[in-house]
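This report refers to the structure that appears directly beneath it.
When the chains are written out, they are named A, B, C, D, E, F, G and H in that same order, and each has its own residue count from 1.
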Amino acid sequence: MAKDSVLDVFEQFREEIDDGNDRRERLIKASRDVTNISKKSIFLLHRLVLEDSSDDQALAARAASSGRQKLSEANTIFKNMREELIGDRFWRYQRQVSPGVQEYIEALSFAHYVEHHSLISYQQVQNALSDSDGLFFPLAVSDYLLGLSDLTGELMRFAISNISRRGGRLKASEVCAFVRECKSDFERFTPHIRDLSKKQYVTANSLEKIEAAAYAIAVRGSEYDLPPEKWDDLVAQVTTR
Amino acid sequence: MAKDSVLDVFEQFREEIDDGNDRRERLIKASRDVTNISKKSIFLLHRLVLEDSSDDQALAARAASSGRQKLSEANTIFKNMREELIGDRFWRYQRQVSPGVQEYIEALSFAHYVEHHSLISYQQVQNALSDSDGLFFPLAVSDYLLGLSDLTGELMRFAISNISRRGGRLKASEVCAFVRECKSDFERFTPHIRDLSKKQYVTANSLEKIEAAAYAIAVRGSEYDLPPEKWDDLVAQVTTR
Amino acid sequence: MDPRDLESLNSLLEQDVGVSENIKEQVKEFDKRIRTIVGILGKIHSTPSHSMPELLDSVDPVLHSCSEITLAIADVIPPDQFWRWKDMWSNSMRSAVYAAALIQYLRNGTLLSLPRASEILGINGEWKDRFSLPVEDYLHGLISMVNELSRYVINAVTLGQFEEPVRISNFVKEIFSGFTMLNLKNDSLRRRFDSLKYDLKKIEEVVYDVSLRKLVPANPPVQ
Amino acid sequence: MDPRDLESLNSLLEQDVGVSENIKEQVKEFDKRIRTIVGILGKIHSTPSHSMPELLDSVDPVLHSCSEITLAIADVIPPDQFWRWKDMWSNSMRSAVYAAALIQYLRNGTLLSLPRASEILGINGEWKDRFSLPVEDYLHGLISMVNELSRYVINAVTLGQFEEPVRISNFVKEIFSGFTMLNLKNDSLRRRFDSLKYDLKKIEEVVYDVSLRKLVPANPPVQ
Amino acid sequence: MDPRDLESLNSLLEQDVGVSENIKEQVKEFDKRIRTIVGILGKIHSTPSHSMPELLDSVDPVLHSCSEITLAIADVIPPDQFWRWKDMWSNSMRSAVYAAALIQYLRNGTLLSLPRASEILGINGEWKDRFSLPVEDYLHGLISMVNELSRYVINAVTLGQFEEPVRISNFVKEIFSGFTMLNLKNDSLRRRFDSLKYDLKKIEEVVYDVSLRKLVPANPPVQ
Amino acid sequence: MDPRDLESLNSLLEQDVGVSENIKEQVKEFDKRIRTIVGILGKIHSTPSHSMPELLDSVDPVLHSCSEITLAIADVIPPDQFWRWKDMWSNSMRSAVYAAALIQYLRNGTLLSLPRASEILGINGEWKDRFSLPVEDYLHGLISMVNELSRYVINAVTLGQFEEPVRISNFVKEIFSGFTMLNLKNDSLRRRFDSLKYDLKKIEEVVYDVSLRKLVPANPPVQ
Amino acid sequence: MDPRDLESLNSLLEQDVGVSENIKEQVKEFDKRIRTIVGILGKIHSTPSHSMPELLDSVDPVLHSCSEITLAIADVIPPDQFWRWKDMWSNSMRSAVYAAALIQYLRNGTLLSLPRASEILGINGEWKDRFSLPVEDYLHGLISMVNELSRYVINAVTLGQFEEPVRISNFVKEIFSGFTMLNLKNDSLRRRFDSLKYDLKKIEEVVYDVSLRKLVPANPPVQ
Amino acid sequence: MDPRDLESLNSLLEQDVGVSENIKEQVKEFDKRIRTIVGILGKIHSTPSHSMPELLDSVDPVLHSCSEITLAIADVIPPDQFWRWKDMWSNSMRSAVYAAALIQYLRNGTLLSLPRASEILGINGEWKDRFSLPVEDYLHGLISMVNELSRYVINAVTLGQFEEPVRISNFVKEIFSGFTMLNLKNDSLRRRFDSLKYDLKKIEEVVYDVSLRKLVPANPPVQ
């Protein structure tokens, strides 16, 4: 290469490198936005499920739908990211995108659990991450699992705040069983996914908190010779103003 | 407070907290943009000062002006931040803004050094950070000093890459003296500014690199009984094609 | 660096040192008073209802004297620099809010509002650029109060005051539902809000104990 | 989790494990060949010009055999997943570029271009979604070459080849000015670019030595 | 370097690489089985007593299959090099001991001894120079079992099995006082021993809860 | 370096090594005795009141033998260097204070004073420049005692000793309010002071449990 | 807690706080002076021999003023507590020794002894129980001086003072072999001793550079 | 826990403590001798060729006395446990190899082989299960020798021994290309191998310096 051609070639390199850096920067920003929306959606869900209601199932459906509504703002962002993540670009920028995607999955799976008492499937998350033109970008299995792993922390909060509401004790033991199963299901994935074993510790911790709460109820309840359904009524007589 | 009023009040709190978080987020993004522009400006300067030229001073002035030109993009961003940082807000969000400001000062002071061979003053940075309506936002002394401290690293690169150009050896010893003085001037500020002593280590490191380069020239030169001005000519006869 | 510039920078930094040392001095005194207040309030756990008013009254003078501190701090803070320095006294301020909120609840059964908290601590609304009570600190104070109430509930029952759990349970539920309105970052406030959930649960358990043992009449007087 | 979902996730992950182990196998072989190449090239420092062509020729077969590796890797990488796996062989790839660039310079005195490097390493332009030679890796390879040339300059003079420093100095200056065109992040490439500056400086010092001692004629033949 | 010396050095190094890769392969499989075992044992927390035997039986085949691993590892370890490589599988081994000890306790209420643990894991006493179960690993396994039991106690009570706490409390106390007698050097084992104290306290609290509420017949633990 | 200077520097350094090794030896023995003491005291949790005196008496000889250690340490410490070396035995010393304080409380229901603690451990008031019991270590010992009492309360109730919680609750409240008055700097002592609050809360819960169930005569704690 | 005991505990703790704050105040001032000294000494690297005496003389007043600090600290330290507080000013003290040693070498080419260092810093031999200069701090100061000299050698040559390297090389070799004789325990001093070896190598390279180029009269170092 | 089991566990643990303390004692002595050896070898840098034999001879007795240490260690190591304890003396052993290799090179210009190193250090081939010289430690020792030679080259030239660089350059090149052939795993040895490359480069620069100045007869190094 002659000197000028060296400069020309490096100028091309510069453009390529700058393009990559600028795109990385845009994606980091988009990912932060998605994270914020998802966090708000999680708080909204926590708030809504505690509203007074006579029909628990209806309340849950309403809450989940509002949560998803809020999350749809993230979908708009994802849609805009499609171009940036086309072809081999997704894996090139996966590390930048992944925090937002994981938080989104945490929120989405929380809404799903509130409504259906079950784990959202990989396919269902993919459906959420697509429009009529198909997927916005590939869904990494690691993002799916790490997002779900974070869900267990929110479920712990959900169980604890529900516990002193009517029917909350039942809900807590449901969540307890659910989180226990999650933990055990995720165990086999830990060798494949970096950071998952660290998150399994967090899950174990949340699980123990829920178990402790369930224990406290059981112990206190066992002392009284009353069917649990009656407790709430008895207490209600005292506490309603 | 009655229950409803509690909720009303907390709803106000929510708005206040959300406002704060959203503003913080916007400022983080703006700061990242400023950082990127500043980094590009620094590279531009490094590139321009190495161009072939017969008039060193003119070349330097041209380079500095191009660097500042690039930096003016950051000024547009700063201008937009003015509203966000008005009144007591500046200190509230200083930590978010400061990385961008420091990188900007690094770039600005580099342009200044290239042109004037001197340290840009606090007042001069303030002037750069204002328009006809005054300062965009207050300039923290810590940002000023930490930005300048980073400058010494760029000056080290500047000195080393210049060293094998005509007149570069003189420039290197100028930079050496300048960085040595910076280090000694900054010393008294270290108790007041967190992180400055860590950066002083980096400066000491850069300084030693420049000193080593100056030493190598001196040692090699001393062996030959020639005035240094003649070296370049002698070498030029050999290397020009 | 130009010697004059050097000098002027140095004088700017020395000014900051002056502000900081002034505040440090005040905060030391603030902490001392807070320690006294917290010490006295520690006695609520063994104080029967009828002696409570007297105990609470004994805190008032010290608590009100805190307004001397806030005034002194506000005086040394340069305009618009509130947020620059506030970390230095946040902890003390939160404890002050805690104390004020606890006293108000134990006296009237009501929740201390943020403006009222500011007022008690002598924070002048006109100082806005130099001193105010941020929402976060107020909320931290409330959570500390709930933490303490969850302990108080236990001791009240031990002292035979069986109606306290139900009253406090209702009060804390109200605060809890306020907190659910907020979107918190993963910060200390969120962690402490989680702790509030446990307090609420614990208080509820006491309510169960006294209800199921019928230690409390079925329909307490509306507050 | 639904057992079928569990199974399907697991099979996705197992697939990845398969890819990864396949690549690991190839990289091990890649490294071995690179080690051989680097071993041979280590001899340039004690090889006089006239024996250089022979030495360089002896590297060719091993270097060309690397295209077997790139082919094998490209074969196992799923479409569009190039960037997911590339860290596994980046180091080897950079060394391969280093070797190819060094050979080309020592043979022809010219700079290896990125497309030519790809070609030598058997990277097919049509694999774009599964395998390519990223600019960063190419640039790392060039810097390694300059590092080696700065050592070679010294040894060439020791061997009495006084014209080498000037030639190499010009070549490296060209590369250096290419690098100044780039906006680099604070990453390993920037750090290594800094090292390039030192190499250039060191080569220049040798040029001084031979010029001032008049060991080299004033106007060497234009290349 | 003398080529023959070089040859012999390299063959020594290659051997080590071979051993290491062989072991790595086995450990990967070991881990997989351990994870399966741990996964199943996780269900004890929601399993009522009457279904426990069945659950424990379902672990047996996997646990016994671990002896294939120990055999395979013992086979590749050169004589006298047990201690060189053992860190590679210590964690898995400790988990295996944990599982075996937990199963034995839940089945018979007795403590697994070190020789019995070796036997279950298929460790042949004649391998002494190539494979054994070090005391430290055995003890780590026991501590893990106690950690798990302290959680199990909680969940057993939740399931209404009120007699478990007292039984487990006695078992753990015995282990605890055993550990107190041991001369543990100040290392990871010592740190984990502290966790034992914490577990014991937790279990005592459960015993307290059920005794207080007369959910078990009054029967003060034997001294 | 001037040989004489060198000599004197080295002899200074050697002296320090000597002191340090001497102390290490003693501390090893100290630790051993402390381990025995702590081991015996661990039995208080399953010892009914009537056998307690006998248990406590059995600790006395070992505890008193610790004065041999303090004497031996004091002997090797050069004048004025107490604070240089004390970290080496602080932990053991704190445990000794803990044991002495626990024994005194369980015997007489009273709090061990600092001078009395010194005396029991055989610390001679005249050693002031070479050995003393610093306030901090004394306070650490007291906190450890409270930590243990919070566990003891639980087990006492399990053993049917329902009057213990109220007694201990009063004792710990007194210590707690004593600590509240102290101006603790923000260090490890402050952190452990928080654990005291937690212990107190736990003891109060036990008092609540036994009061609620009328297992003790209604008798509101003295203020 | 007995109120009188409490009183005495608290007064002990308050005393410590007082001592600590007093020292902190002094250390702040100490640091300021040290920083001034270090700032001035930074100029040795650009000062030609003939201006050196003047530069060094300008440090003297500040350095001597440090004796005010040592006096002030010694005054507030209670008898026998030197080792309790000394970490608060060790760093400053080491820098002071560094400065004094560097000045003495640059003036006379001799090594500052420990007693002379104490004297310069105004440390009174009679304060032994309250203030002294520990060997470790003295040695740290010497190592810092060597670190600085290894940099000075480079800059001296740049300034054309070709005789410096050989002189300094001999001086540093002497110090180095002195350190080799010392029985350093495996701590920070040992680690810094390794840096000395690195400095020595650096200085030897400079000596090599000037000898090779015959910039100094051939004069092999004395063995 | 079964008392007999406990007994046997404890005796196993006690044995280990015994072994460990025995070794610690020996290693302390080993280190002392190594320090002496390294101290003497430090003088090679200022020793002219003709006095070198005498200097090297003076090391021999100390070096040979190290075989007492290896014997003593081998004696206390239980069969098969070499790899369990070897980290305790690896550093000393590497230094011993370094010393032996350096001496052999300076005496004969030849490379110390692994078997010969074992022999010098008194390691008996029959101890295989209790004591041997692992390849890694031998190689670490060689690298340290090269590090030292790169410093020696500089000082030799300063002393006017211009023929040393070329000789040493050839020797180091041979070692370097030996290492290139070895399959080093990515560990500390690999990292230190990089330092070797750096040393070689430095030695080549010295060769350059002396060749350029015609201080040695032109004589291109043999390939």
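In the analysis below, a contact is a pair of C-beta atoms (placed from the backbone, for glycine too) under 8 Å apart; a residue touches a chain by one contact, two chains touch by 3 or more.
Since the structure is predicted, the reported quantities are computational estimates derived from the model, not experimental observations.
**Student:** Count of steps on the shortest touching-chain route from chain G to chain H?
**Tutor:** Between chain G and chain H, the shortest chain-hopping route counts 1.
**Student:** Have a look at where chain F meets chain G and say same if over half of the interface residue numbers show up on both copies, different if under half do.
**Tutor:** At the contact between chain F and chain G, which are copies of one sequence, the residues are largely the same (over half shared).
**Student:** Of the pairs A-C and A-D, which shows more C-beta pairs in contact?
**Tutor:** A-D
**Student:** So the centre of each chain is just the mean of its C-alpha atoms; given that, what is the distance between chain B and chain E in Å?
**Tutor:** 58
**Student:** I'd like to verify one number: the distance from the centre of chain D to the centre of chain G, where each centre is the average of its C-alpha atoms, in whole angstrom.
**Tutor:** 48
**Student:** With centres defined as the mean C-alpha position, give me the chain C-chain F separation in Å.
**Tutor:** 34
**Student:** Residues of chain E that touch two or more other chains: which are they?
**Tutor:** 177, 181, in rising order.
**Student:** Residues of chain B touching 2+ other chains?
**Tutor:** 18, 21, 40, 188
**Student:** Kindly provide every pair of chains that touch.
**Tutor:** Listed in label order, the chain pairs in contact are A-B, A-C, A-D, A-E, B-C, B-D, B-G, C-F, D-H, E-F, E-H, F-G, G-H.
**Student:** Please give the residue numbers of chain A that touch chain D in the complex, ascending.
**Tutor:** Interface residues on chain A, with respect to chain D: 1, 3, 6-7, 9-11, 13-14, 16-18, 21, 87-92, 94, 119, 121-123, 138, 141, 144-145, 181-182, 185, 188-189, 192-193.
**Student:** Show which residues of chain E lie in contact with chain H when the two form their complex.
**Tutor:** Against chain H, chain E makes touches at 1-2, 5-6, 8-10, 12-14, 16-17, 20, 79-85, 111, 113-114, 128-129, 135, 138-139, 174-175, 177-178, 181-185.
**Student:** If we count contacts the way the header does, which residues on chain E are in touch with chain F in the complex?
**Tutor:** 173, 176-177, 180-181, 201, 204-205, 207-208, 211-212, 218, 220-223
**Student:** Spell out the residues on chain B that touch chain G in their complex, using ranges where they run on.
**Tutor:** My answer: residues 173, 177, 180, 183-184, 187-188, 190-191, 208, 211-212, 214-215, 218-219, 222-223.
**Student:** Which of the residues in chain A end up touching chain B in this complex?
**Tutor:** Where chain A meets chain B, its residues are 18, 21-22, 25, 28-29, 32-33, 36, 40.
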